[in-house]
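Working notes for the structure below.
Labels for the chains are A, B and C, by order of writing; each one numbers its residues from 1.
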Amino acid sequence: MATNESESHPSASAETKTYSTRRDFLLQVGVVVNTIAGFMIGVPVVGYILSSLIKSTPPVWFSLGPVSKFQEGAMRMAVFENPYRREADGQTARLTCWVRRIQGDQFKVFAANCTHLGCPVRWFEESQLFLCPCHGGAFYADGEHAAGPPPRGLYVYEHKVENGELQIKAGVLPTLAGPFA
Amino acid sequence: MQARTLYSILLFGGLGFLCGCDRLPGKPKEEDRWKPPSEIKDFALLFNTNCRGCHSNGQTLSASISMNNPPYLAVVPKEVMHKTIETGIPGTQMPTYSDKAGGSLTEEQVNILVEGIYNWAKGHEAPTDNLPPYSAALGDAERGKAVFAQACASCHGSGGEGTKGKGGAVDKAYLSLVSDQYLRTVVIVGRPELGMPGFREYVPGKPMTGEEISDVVSWLASRREGPAPGQSAKTAEIAPKTQPSTPNE
Amino acid sequence: MSAKDRPITSSLVNIAMWVERRLHLVKIWKATAGHPIPKSSASWFYTFGSMTLLCFTIQILTGILLALVYVPSANEAYRSLLFLNYQQELGWFLRAMHYWGSNCMVVIVFFHMTQVFLWGAYKHPRELTWISGVVLLFLTLALSFTGQVMRFDSDAYWGIGIGAAISGRIPIIGAQVVNLLLGGPIIGSDTLSRFFALHVFVLPGAVIALVSLHLRLVLLKGINEYPTPGIQVHKGTYWRNYEEMLHKDGMPFVPNGIGKDLVANGVLLLVMVALAVFVGPKGPEIPADPAQVISEAKPDYPFLWLLSAAALLPNGSEVILFFVVPLIAVILLIGLPFFSNVGEKHYSRRPVSILVVMLTYLTIGLLTYAGITGPWSPRMEAWSGTPTKPQFITGRSPVELQGALLLQGKQCRNCHSVGGEGGQRGPDLSAVGARMNQPQLIRQVIQGGGNMPAYGNTLTPQEVNALVSYLVSLRPINTIPALNPAIPEKAERVSSGEPTKGAKTGG
């Protein structure tokens, strides 16, 4: 290296210009190539991170089992497997709702998530109330807000009876921004 | 030298620490491990979480009948106890406990409760001579009124309206909230812890007979206005309702 | 004996010198551990920074060891925690160290910040040191929160649920934020995985980067001298004075200034080990199974005050509490060195700073205490499991006893205590008969109000009668029942806004 440098030294002034434009050129090419590559990596990365937003996961219809499972006039907890479940979800794939069979095919299905901060509400048959263990939100048997901090009544799942089976439209965590609000 | 002593203390202390860590208080114990509520098999825990709100375990008083109660357990058949815990008593505050009917306890847990409750009476069995049957048809209300005047009036007043410090037995709200069977059971075993003795002691030396008990219950039942709990178109039925009504009384 | 007499020693010295000539360790040492500090800075109050660093180191070490066993999958996480607790040799101890190390870190970061604030160390020219510290505070809290999610039990599950419910309140983009937080439509394996990635890679990486910056700034801008009341910071002269002070009255941090740090850190380590050994790890409690609707979802200590604030503030203020308040806090904290850049450093000349610290500690302390007791949470088992004290049973008539049964059976005691036992959500009923008369009680039971549901449709008239006659009997001996409406209007005036206090007057 040292010998090379000393050899090219005499013509330094002439060489510097071309050398420098070549440097500039390489710099520019380098920036352009890396920018393109950066986009090619960056866009998929952002897409990957935001994939849960891009992929649409609306509530879907599925069965809670035969209508006869639910006693008339009673409120029962129903546990169902989330339709979007994956193997690794384990127990968290289960979701809970409260089913009230008013009579015949007349039902009302409530999400178990409190409308205040999403804690699981529990039905008390004796006082005919849903109570939330977190901040004491209370709801009447028809899901209407009874007391406490929740801003509205319980989330209600759409339902229908088909072939003697109770079907509901669910599978998405209910929040105030969600599809059940 | 001092440094060497210090280091050997540290070394052996550390070794001892490692060996002793099976007994350290912070080590999670197997019994602290979470169990699903349906796996709880401990009678005391089951009783304390499900029953003690209303039924004493014999250590304190309770609004309803104490379960650590040999005279009571001598009268009530086990099957009745089992059935009562499973399905509750409609129209009263005794709720359903069987998980088959919307309650929270498994068959096995109900069995544990029944056995545990009857175990309380083991070794303290109440005398069973002259014991009236647990249930019987209602008797004659007119005769019952006379029995009441003789056996109960000293505390409850001649008409059942109550004396000072003792409650009225014919309060309309009271009678509408208790079943005939409850009245019968209470007449038989009393509430000794609250000052009401059992059927042997209302009239000193003369236990009440089964017939007298039926009569007195029938008189009390005749004073009830409206149906007994759980026997009619219940007013507390789950009528589909939305907003709380706003009574103007 | 000189080195030359011993060939081994002399060759060791040669090796050391060879390494030194290549790595220039002495130079690095002098620029870092051996950097000069003002003598006054070797104070017990100045030990919190190194203690925080110790906590973080412990977290990294125990965290790596836990990651050897922990399985970050919704299906396996709970079981791998049980394995750590019960099967893995000393797994419980490492879990406990990691848990208590995290709590200690949050507390000590907070102390460190308080000290820096009170001693005026954030002032010129150490603004950036403070700002990097503020970011580190939030990173620490984020680590603490994501760490709770790793303990994948029902607290974690419903904790994320609460996070989702709060995010769902953000106007317009709420649904998108919820989806991004959960990584899918529900709380599941994707949710745990993304919290795992944050907790194990992103956040610790960010902390390491920022700690490096923080320490670099401490070296570049010097450790704060112990402030003297009356001495002002002037932008033009401060640095010259500081360098003069170092020159005249400085000493190397190692070995002269590190003694107190070593002692404090040793004590802290012992405290952490003691907590781990005697208190042990936390949970895992109820599994993250949505079908177990028995959970209360309480966060760990560092976030209890937030839970309390959410419970105590008026309804509908959640968005303000969780988004506007933190934003203001961030602006105030980052802006602090610019609002008060020069002037007095010593706290005795800055009474407002003392007031701010006292108010902050009082607020957070009281809210945390409230969070531990959780008076706003109904006791879900009280109705069937909480007995009534004898003085509330004896001397009652049959109908009053039926009323007492109704008070249990209708779940009243989940919210109301009698004799101090039962829920604290509503007012204690031990002496309600002296406060309210029969018509008031009937109206309250039937119509509800003041955070109490209306029972008009669930109780029969006879049940109301029995219940109210028992309530009337609940009053101190020898007092008469409340005659006149003692608080006639209040019961209706109470807004549903204040959970505990409102219910106290409303009944």
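By our rule, a residue touches a chain if its C-beta (ideal position, glycine included) is under 8 Å from a C-beta of that chain, and two chains touch if they have at least 3 such contacts.
Nothing here was measured: the structure is a model prediction, and the numbers come from that model.
Here B-C and A-C are compared, and the pair linked by more C-beta contacts is A-C.
For subunit B, the chain whose average C-alpha position is most distant is A.
For the pair subunit A and subunit B, the distance between mean C-alpha positions equals 47 Å.
Inter-chain centre distance (subunit B to subunit C, centres taken as mean C-alpha positions): 43 Å. Rounded to a whole number, the gap between the C-alpha centres of subunit A and subunit C is 26 angstrom. Along subunit A, residues 126, 128, 140, 146 each make contact with two or more other chains.
The set of subunit B residues that touch two or more partner chains comprises 93, 95, 241, 244. Along subunit C, residues 287, 294, 383, 409-410, 448, 453-454, 457-458 each make contact with two or more other chains. Residues 21, 24-28, 30, 33-34, 36-37, 48-54, 56, 60-64, 92-95, 162, 165-169, 171-174, 176-178, 194, 226, 234-236, 239, 241, 244-247, 249 of subunit B are the ones that touch subunit C when the two sit in their complex. Against subunit C, the residues of subunit A that register as touching in their complex are 50, 52-53, 57, 77, 79, 82, 84-96, 112-114, 116-122, 124, 126-129, 131-136, 138, 140, 146-149, 151, 171-173, 175-178, 181. Across the complex, subunit C meets subunit A through its residues 73-76, 157-158, 161-162, 164-170, 174-180, 182-191, 287-291, 293-297, 310-311, 315-316, 318, 376-378, 380, 383, 409-412, 414-415, 423, 425, 448, 451-455, 457-458, 496, 499.
The part of subunit C that touches subunit B in the complex is made up of residues 82, 85-86, 90, 92-93, 96, 153, 275-281, 284-287, 292, 294, 381-390, 393-402, 404-406, 408-410, 413, 442-443, 446-448, 453-454, 456-463, 465-466, 469. The part of subunit B that touches subunit A in the complex is made up of residues 93, 95-96, 102, 237-238, 240-244.
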